[in-house]
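Report on one structure; see the data block that follows.
We call the chains A, B, C and D, going by the order they appear; numbering starts again at 1 in every chain.
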Amino acid sequence: MAGEVRIRLFATARQLVGTAVLPWPVPSGGLRAAEIVRQLAAAYPRLGPTLSASRFLRNHRYLADLATTIRPGDEFAVHPPYGGG
Amino acid sequence: MAGEVRIRLFATARQLVGTAVLPWPVPSGGLRAAEIVRQLAAAYPRLGPTLSASRFLRNHRYLADLATTIRPGDEFAVHPPYGGG
Amino acid sequence: MIPELRLVRRRLSPERAARDLGRARPGAIVVFAGTVRPDRSAQGRVLALDYEIDRIPARTRLAELLREAHRRFGVDRAVAWHRYGRVRVGDVAVVVGAASAHRDPAFRAARFLIEEIKRTVPIWKEVRARPARRPRRPPRPRAGRGGGSRRARRPPAARRRAG
Amino acid sequence: MIPELRLVRRRLSPERAARDLGRARPGAIVVFAGTVRPDRSAQGRVLALDYEIDRIPARTRLAELLREAHRRFGVDRAVAWHRYGRVRVGDVAVVVGAASAHRDPAFRAARFLIEEIKRTVPIWKEVRARPARRPRRPPRPRAGRGGGSRRARRPPAARRRAG
């Protein structure tokens, strides 16, 4: 059964897509993070450079690499370079 | 006509001599700072090591060396190593 | 005693941090505060910064940084506070600080915290600016008024762009 | 606005320095405060430090250091405050700070000021201590009272020596 991942976009990623939360359909077995990032870049071509510079999180935890599987119900966050302080 | 220099002693120098201000007789032409320091060390033998580590001032200004003449009416200050903060 | 870690909308007070860090009778206290500067940006004069955070990982990371400051520099106490939402020019956006028996660890811990917050905590800022002004008519010089006329001589605002 | 340079008997407030340095809307503020630690010394437990200064050269030198901080680090504002006379344990003896558009000059100027004050300003401190206590009779352990009994278990004071 297919489902959805909740993509959360911050800063320039949010501005370029125009929303902070993007429901993203995934197959029941989920998708590797790399594939979600590829699909995002295809759907929002201007997002490419931001995605290249971003860190990604699954359920509020940083992904060490993009081989991790993101499953239906997961939250997938896109963090462009930080700028606090 | 002879006169007096006002020697001001701080910190360990003051403690070792037992007073903060010491009137010191000098000839009318004054004495070189080096000579005053020598006389002080002779009068207060325990003061020797402190004097070796001290800076000296004439009328609130640091002396670059001890060749400066200190004249009657001058103030001559003995500054052991600092310890503020 | 206020929390070491704060991510808040409301005002931050470096004074409060200094007072709080001093409670432990530490020897040395260092407090850093970062405020929003009245800069010019590409969009015009900065009025405020809107800070966005990803709250859960931001808290996790700040807590790690505080533990690391304690571990690495041996400080007695450290604070790391950051605002989110709108922070106006002149207001404090971030406060870090450390208290220690000696000054070197306190300085180093405070510096470590602010550098790492900027680099590794999921916080972003967006400039809110007043668009640069454009002349409607040529500026009219005023005799006998020096510094005070600088603002008057600036071209009036392109109000349409400001919306 | 309070003076950049202060040599005073009365209490110093790092909070006040932080607030004051923030007035100029600088971007970055660093405040350092040095307090009297409740140390043990050769003479016993430290109760206070008596700070002695040579006032005229101390003011001259502090003013030079402030000018140097402005010149060398380009800070907008700097403060260097030191108490003299008796400063009790826990109280602030020295406050330095700097405000600048960016954090690096503010950190460096604050650090510069405190290092140079310690090294080059004619200020000295003398420890006022409570002499170490000696037992008159062996300590009597109390059952069932943990941390709270620490003071009670310490041998009674050598009151004759303390005067």
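We adopt the following convention: contacts are C-beta pairs under 8 Å (C-beta built on N, C-alpha and C of every residue); 3 or more make two chains touch, one makes a residue touch a chain.
Just so it is clear, the structure is predicted and the values come from calculations on it, not from any experiment.
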Response to the item:
Disregard subunit C; the chains then group as A | B, D
Item to complete: Trace the shortest chain of touching neighbours from subunit A to subunit D and give its length in steps.
Response: 2
Discussion item. Among the chains here, which has the CA centroid at the largest distance from subunit C's centroid?
Written reply: B
Worksheet item: Whole-Å distance, subunit C centre to subunit D centre, using C-alpha means?
Response: 27
Practice prompt. Could you put a whole-Å number on the gap between the CA centroids of subunit A and subunit B?
Written response: 75
Item to complete: Two or more other chains in contact with one residue: find those residues in subunit D.
Response: 34, 103, 114
Worksheet item: Do you know which subunit A residues sit against two or more other chains?
Response: 85
Practice prompt. Could you list each pair of chains that touch one another?
Written response: A-C, B-D, C-D
Fill in: Parts of subunit C lying in touch with subunit A, wherever the complex brings them together
34, 51-54, 56-57, 60, 82, 93-94, 114, 117-126
Fill in: subunit D - residues contacting subunit C, complex
14-19, 22, 25-35, 37-38, 89-90, 92, 101, 103, 106-107, 110-111, 114
Item to complete: Sort out for me which residues of subunit B touch subunit D in the complex.
Response: 8, 10-11, 14, 57, 60-62, 77, 79-80, 82-85
